[in-house]
Amino acid sequence: MRVVMKFGGTSVGSADAIRQVAAIVKESRQNHEVVVVVSAMNAPDLRTTDTLIAAAHAAAQGEGDATAHVAPRLLDLHMRAAAELAPPDACAALETEIRTMLDYLSDLSRSIAVLGELTPRALDLFSGLGERLNARLIAAALRAAGVPAEAIDATELIITDDRYGAASPIMDETTARSRKRLLPLLEAGVVPVVTGFIGATRTGVPTTLGRGGSDYSCSILGACLDANEVWFWKEVDGVLTANPKVVPEARSLRVLSYSEMAELAYYGANVLHPKTVLPLVQRNIPIRIRNTFNPSHPGTLIGEGRGDRTARAVTAIKEVSMITVGGPGMLGLAGVAARIFIAVARAKANILLISQASSEQSVCFAVPLAEAPAAVAELRKELENEFSAHDVEHIDVKDSVMIIAVVGSGMRGTPGIAGQVFGAMGEAKINVIAIAQGSTENNISLVVSAADGDEAVRAIHRSFAL
Amino acid sequence: MRVVMKFGGTSVGSADAIRQVAAIVKESRQNHEVVVVVSAMNAPDLRTTDTLIAAAHAAAQGEGDATAHVAPRLLDLHMRAAAELAPPDACAALETEIRTMLDYLSDLSRSIAVLGELTPRALDLFSGLGERLNARLIAAALRAAGVPAEAIDATELIITDDRYGAASPIMDETTARSRKRLLPLLEAGVVPVVTGFIGATRTGVPTTLGRGGSDYSCSILGACLDANEVWFWKEVDGVLTANPKVVPEARSLRVLSYSEMAELAYYGANVLHPKTVLPLVQRNIPIRIRNTFNPSHPGTLIGEGRGDRTARAVTAIKEVSMITVGGPGMLGLAGVAARIFIAVARAKANILLISQASSEQSVCFAVPLAEAPAAVAELRKELENEFSAHDVEHIDVKDSVMIIAVVGSGMRGTPGIAGQVFGAMGEAKINVIAIAQGSTENNISLVVSAADGDEAVRAIHRSFAL
Amino acid sequence: MRVVMKFGGTSVGSADAIRQVAAIVKESRQNHEVVVVVSAMNAPDLRTTDTLIAAAHAAAQGEGDATAHVAPRLLDLHMRAAAELAPPDACAALETEIRTMLDYLSDLSRSIAVLGELTPRALDLFSGLGERLNARLIAAALRAAGVPAEAIDATELIITDDRYGAASPIMDETTARSRKRLLPLLEAGVVPVVTGFIGATRTGVPTTLGRGGSDYSCSILGACLDANEVWFWKEVDGVLTANPKVVPEARSLRVLSYSEMAELAYYGANVLHPKTVLPLVQRNIPIRIRNTFNPSHPGTLIGEGRGDRTARAVTAIKEVSMITVGGPGMLGLAGVAARIFIAVARAKANILLISQASSEQSVCFAVPLAEAPAAVAELRKELENEFSAHDVEHIDVKDSVMIIAVVGSGMRGTPGIAGQVFGAMGEAKINVIAIAQGSTENNISLVVSAADGDEAVRAIHRSFAL
Amino acid sequence: MRVVMKFGGTSVGSADAIRQVAAIVKESRQNHEVVVVVSAMNAPDLRTTDTLIAAAHAAAQGEGDATAHVAPRLLDLHMRAAAELAPPDACAALETEIRTMLDYLSDLSRSIAVLGELTPRALDLFSGLGERLNARLIAAALRAAGVPAEAIDATELIITDDRYGAASPIMDETTARSRKRLLPLLEAGVVPVVTGFIGATRTGVPTTLGRGGSDYSCSILGACLDANEVWFWKEVDGVLTANPKVVPEARSLRVLSYSEMAELAYYGANVLHPKTVLPLVQRNIPIRIRNTFNPSHPGTLIGEGRGDRTARAVTAIKEVSMITVGGPGMLGLAGVAARIFIAVARAKANILLISQASSEQSVCFAVPLAEAPAAVAELRKELENEFSAHDVEHIDVKDSVMIIAVVGSGMRGTPGIAGQVFGAMGEAKINVIAIAQGSTENNISLVVSAADGDEAVRAIHRSFAL
């Protein structure tokens, strides 16, 4: 079985963690072809990527030696880890490589200072450096652990357009290059350790993939290499049924469908953004979320299949405002929904939930608390004429609300789920302000007062014995 | 107490019905000042207004004598009723009046035929004639029953703009004229019998008020005359808890709030469109819906007050399609909701319900079955680019669904109502496809398969013991 | 030779004039096949078409007998002329026909009064009646003069769209119908006397062709019948070199090119609007403008050919404002010309002349005096930002100016013409405010102060010995 | 008298020229307070600014030592001149300064190469360097000639927005800084030698002013310092009556009005763009154009006044196309002028001249030859419907034409000028294709065939004895 696996965050943030990574890869390699994708090393006291970006900005402010105090710390961070993970000669070779890269950094920094500006293109040269350092360190650690490994810059593999800071891959070229470069290594029993987050344009200029970039890199390579599975190693035992801070008995789910994962993406840091795994979903490649620090736990397997006929998880969005536009003339008023959402878009407010019950007397929707005032202002402007004609009579805003979402792809088509959700609310004496359940979504969303939110989550978790 | 009351439909459709009307007015007059508003006489075998409109169209096709065979039938319809309701001399006077009006009709008809076209203005001259005939007949019936009464054309009272076929009242002038003309009659103990549906421009050209016109006439006069209550006499004992054809144990509601009535307006023929009663709601004038054929029943009283802390009624919209637009890139896609509803508006489709649950993966909404194909076509055009970018991946349509709405202004803020609604669905093993409950609405809407619809209505009615 | 000839205005305004028409037709018929197109009879004391239109409006105001006093006068007008032109029996037949038509008019009038409104479609029924009466009268006069003739309503021949009041012909159907109806008459030696101005839709509803309608009718028939020439009989000896009220020695031109005629169309009543003769120009059919009251004069022949190498005529437009938009930043300002003319179009002002000399510092143009204020207001709005940026600094308006146009298709390509025009201005000490000569136009336009206008016309006329 | 004077082009292009500059400044200083503005040194074999820009582009292509071979040549260019103009010790000091600046250049170059891209901001750092070098050289030359002088970077004086490459001055701050920095020097008898072309943002980032930048710098300083006159030293004796290559007897004009200068700006390299001198025109500060190499010649004085009552100069634009849009339906076609120029703007074609004579049959305008095909293509697209409706029938293009402009602010309002212009054309037997004279312009433009152009210029020059 061919597995592309990604390690990020604290999973690659210390020598201990990387030793763990090496053990996992070594173990996995016994049964599988393994490709590793890694993020930058983010130690608690030195977050590599943030540090690099800060240095780039300092350079643009004229600090030509912006990296002068950063470079030694980065060298030290990586070499201290190396010392624990690899033999001295390997460390020496690694140090030479890292010094070369840090010299380049210093060169970049000085150039930016001379020119006095930081372009998105120049920032991408900086911000992807952490991954390059870490890939080399981890490859050395793997070799020290007896695993043949080679660090590879994704600039060789992932070809993107030139939207610096948020580039998109060009899949056919990326596929060709990745297979040409990586398949021979896999055949030779070597584990490629590929930098996450970065790519390059056709002419070779480095780019970064934007938010969730390392996850995206891993998905791209998984798709290009026809992986049998793609594993994302995190710090938890998979996807949880609820936030354990709110629900102490929250537990990890064995399996999850792609669509359930997508529903959950909005909420927690530990889930994958649906767009970053699109290459895998399109090819129906199973995804596994596992715990670097508890590798014997099977984690959560995410795939096409349909889950149990019940709710699977319950989550919450806090700091939400509920806006309602209504009036006696809205019944049959052509295009008013469009105009409401045009106004909201103009205010650049994100729409978290919409609910218009069937009598057409009003439309209600939720936006983040901070974005509500602008949305309301734009609505008042847009609907001025309707106000004077009494077609629209009020725009109400409820500020202290929370959205609770109950997720489960199998609950769709299952009688009684909604009853159980709202029954739980009734028992807990929690008033439900608004409800939305879309027809293809595996999600019942309810709006409750902020004060009731945590208890609502617990009540649902309890009711479904999640 | 001053009461403006309206009789329409079958309440004024036969001699027997009109005798009943006379009895009601006579009885009411003992304690109240009464103003009567009437529709045209629609007998089962001769629907006056439809007949008049058909004749107008025939005239425009060149039939100069389009009314030649219509006029005698209308005369006969009204005079046969008159013969049962009024003494011979009153009948003779009435016949003279009706003949004059029918001669005018024939004149109109011939003129339209000569000119060969039917303008909206000319159509309004035709279509309001039935009310004029009937007001005269009913006034005669009242007098025969010993009630002093006078037929009055609303062209004297209700001043409108000149949008023929759908005119709007100009309230200040209408108030002045109505009070000047009607208050002296009321003081003199005379019951004015006013034509519904029609008005006139400032220069005296007759107009019609469009859909629900007689109800609107009654509301306008109720508001202008500061009525204490406004009564709409229908063929049922008030507003029902459900459609009795679906739920045999459906019963009439004693009281209802304005907003509950507005929620119910969308569904059944027996409820008032919120815009037609806006003049009353704005002035907080109580509305009563009563049964002409069961006048001892108190009917339903509609006012400002808040109902019980429970559901009040359950209704259904049939022939509905559910459209869902979704894809992995919709999360965070700016303005996509606006663009979806712009496309729907362009397709001239009415939006019956919207639901977007909180994960932003999709937006779903319901439109009438017949309007779905155009809406989908416009959506495909609008979102073409998003499709190619895989931001949007599917537009699904579910054709055989029904919307069930549970209404009750007191259920808002009451824990457990939603639980009870969905609990009822669960017990009945009915799958809920989508849910929407807006924050100010007194309405939980659920979408279920068409096959489950009637049973869903019954289950809810049963559960709440409506 | 086949000739379609049109008589309008005072040429058909009295018995004497019609006798003249009959003489002309009789004479022409000796050598040619002749089709006659006629306008309504406009006697000095009774302008038929205006009278009819006024009656229609009166009817809409409720005067059912609006035609009651008009009909006898129209009958009298036509019958008095008939008495002079035709024998008693023909007069009797004509009177019957005219009475029938006037009865229809009275019917129309009463119908409009009953309905109380006048639609464009109904107005067309009225306004084309004068042509119908006159065609019958003139046909009778021709027969009395020994010319076989038949009056024909153009509703049988000219098929149009349904833009009442300004309909456009559908040429292929019109050609088919005209040839089928008229060619047999011509073969039989009968002169068709066709009504100008009117046509009918495919379904037979009468229409009118709008401004210049009778000229247009004549052109349409000339084109449909492949006429060898089309003659327009007017009250002058052809197209004049200048307005004789300003220039006493103005004289008639022998020949003129189509494009010269088009240049002159803008100015005087005696020339044909280029769009009304487009059917002839497209088929290269020669046009002749002749004098009904001086038929021995050859008039002006208008055709494709190129005129002499000199100026041919000089004309003036009075009541003109000159607007200039300028500023230091206009040089190279993209799209400013477009935006200026967008603003002018929004103000619904007609542009009579544009001149922007080559340095791009300003654009100047002329509009009718009455339309200048709106144009200036729109310009100020449109160019607000350019004003603040000092790109545009002034919008000047000169109110008392006249445009003088010197026309001659042969003067293009002839050195010295412009010199002679402006030399004449110099000698007359007249200051030229602006100049425009477009590259394909046979026209030099100059703007002079209103006070200098007449003298400028005279000076040019003199200089070219026109 | 306070004079701000600018030397550019070949006036500062060699040691000889700069010696001449020094002599002029020395002489001027006897009677005036003098501020000098200078361009970069453009020797025939080494155009400084172009060389710098080329080096910047080379650096972005990765040539880190792009300036390696450029710097010595620039050093040599300036130091060879210095050796002729200044004593050895001054040369040594200058060399140190220049070397520092060239080192910075090399630094910039290396930085751009490291980052691999050239932003507009970075380009401005390069492209303004020539002025900095030259200001220092010229200040040294002045001092050597006994004139106390100080080189000043305009980055200290002229504050601009941050549109790199085409920045606009912020006048109030520029005024404050310029006066604070320069007035004390003037009082102390020191001549400031200010760099043209460059400025800086409020935060001190260097910018350039775009096209005509050094002229603009000089105008800005003239305005900020309330100069009595502003002199532009060129290579000719002022503004000429015509191009001496075409008209051997062309001569320099003594005086010229601002508006005449603006009219001439379009044509020759030796005249000032009206926007660059706007600060002077707004303050009514006289401008003088003088000849560096013939300083005893008074040159041309440009001011508010009105010139003689005749033509002043005649110029030509070559490589022009004349486009004419016409058709029988254009008369009265609303908004067609706007749509024509919208199409032309969309094609990004510059409009050099417009002429629409008064009959509204066509609009004609001139654009540069190279831009005509795109304009015509856009016109065909825009007017497609009008073509099918035969309202517009032709779009003609005449490719080999020239525009001749006769300029003179006094000729406006003077009878006979136009006559003389076109009389001259007639005598020379030159056909005038189109004419435009706008109402406030001091300009008669005529379009003639390219073959006739030079002769037309000569004929007019001769006729007016310019």
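First chain written, first letter: the chains are A, B, C and D, and each begins at residue 1.
We take it that a contact is a pair of C-beta atoms (placed from the backbone, for glycine too) under 8 Å apart; a residue touches a chain by one contact, two chains touch by 3 or more.
The UniProt protein names, listed by chain, are A, B, C, D = Aspartokinase.
Since the model is a prediction, treat every value here as computed from it, not as a measurement.
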{"item": "Maximum centroid distance from subunit C (Aspartokinase), chain identifier (CA atoms)", "value": "A"}
{"item": "Where subunit B (Aspartokinase) and subunit C (Aspartokinase) are represented by their mean Cα positions, the distance between them in whole Å", "value": "56"}
{"item": "Separation of mean Cα positions, subunit D (Aspartokinase) and subunit B (Aspartokinase) [Å, integer]", "value": "74"}
{"item": "Distance between the centres, which are taken as Cα means, of subunit D (Aspartokinase) and subunit C (Aspartokinase), whole angstrom", "value": "52"}
{"item": "Two or more partner chains touched - positions in subunit C (Aspartokinase)", "value": "none"}
{"item": "Category of the chain touch graph - line, ring, star, complete, other", "value": "ring"}
{"item": "Of all residues in subunit A (Aspartokinase), those that touch subunit B (Aspartokinase) in their complex", "value": "259, 262-266, 273-275, 278, 281-282, 317, 322, 324, 326, 328-329, 331-332, 334-335, 337-338, 340-342, 344-345, 348, 350-366, 390, 394, 396, 398, 403, 405, 407, 412-441, 443-447"}
{"item": "Of all residues in subunit C (Aspartokinase), those that touch subunit B (Aspartokinase) in their complex", "value": "107-108, 110-112, 114-117, 119, 121-122, 125, 205"}
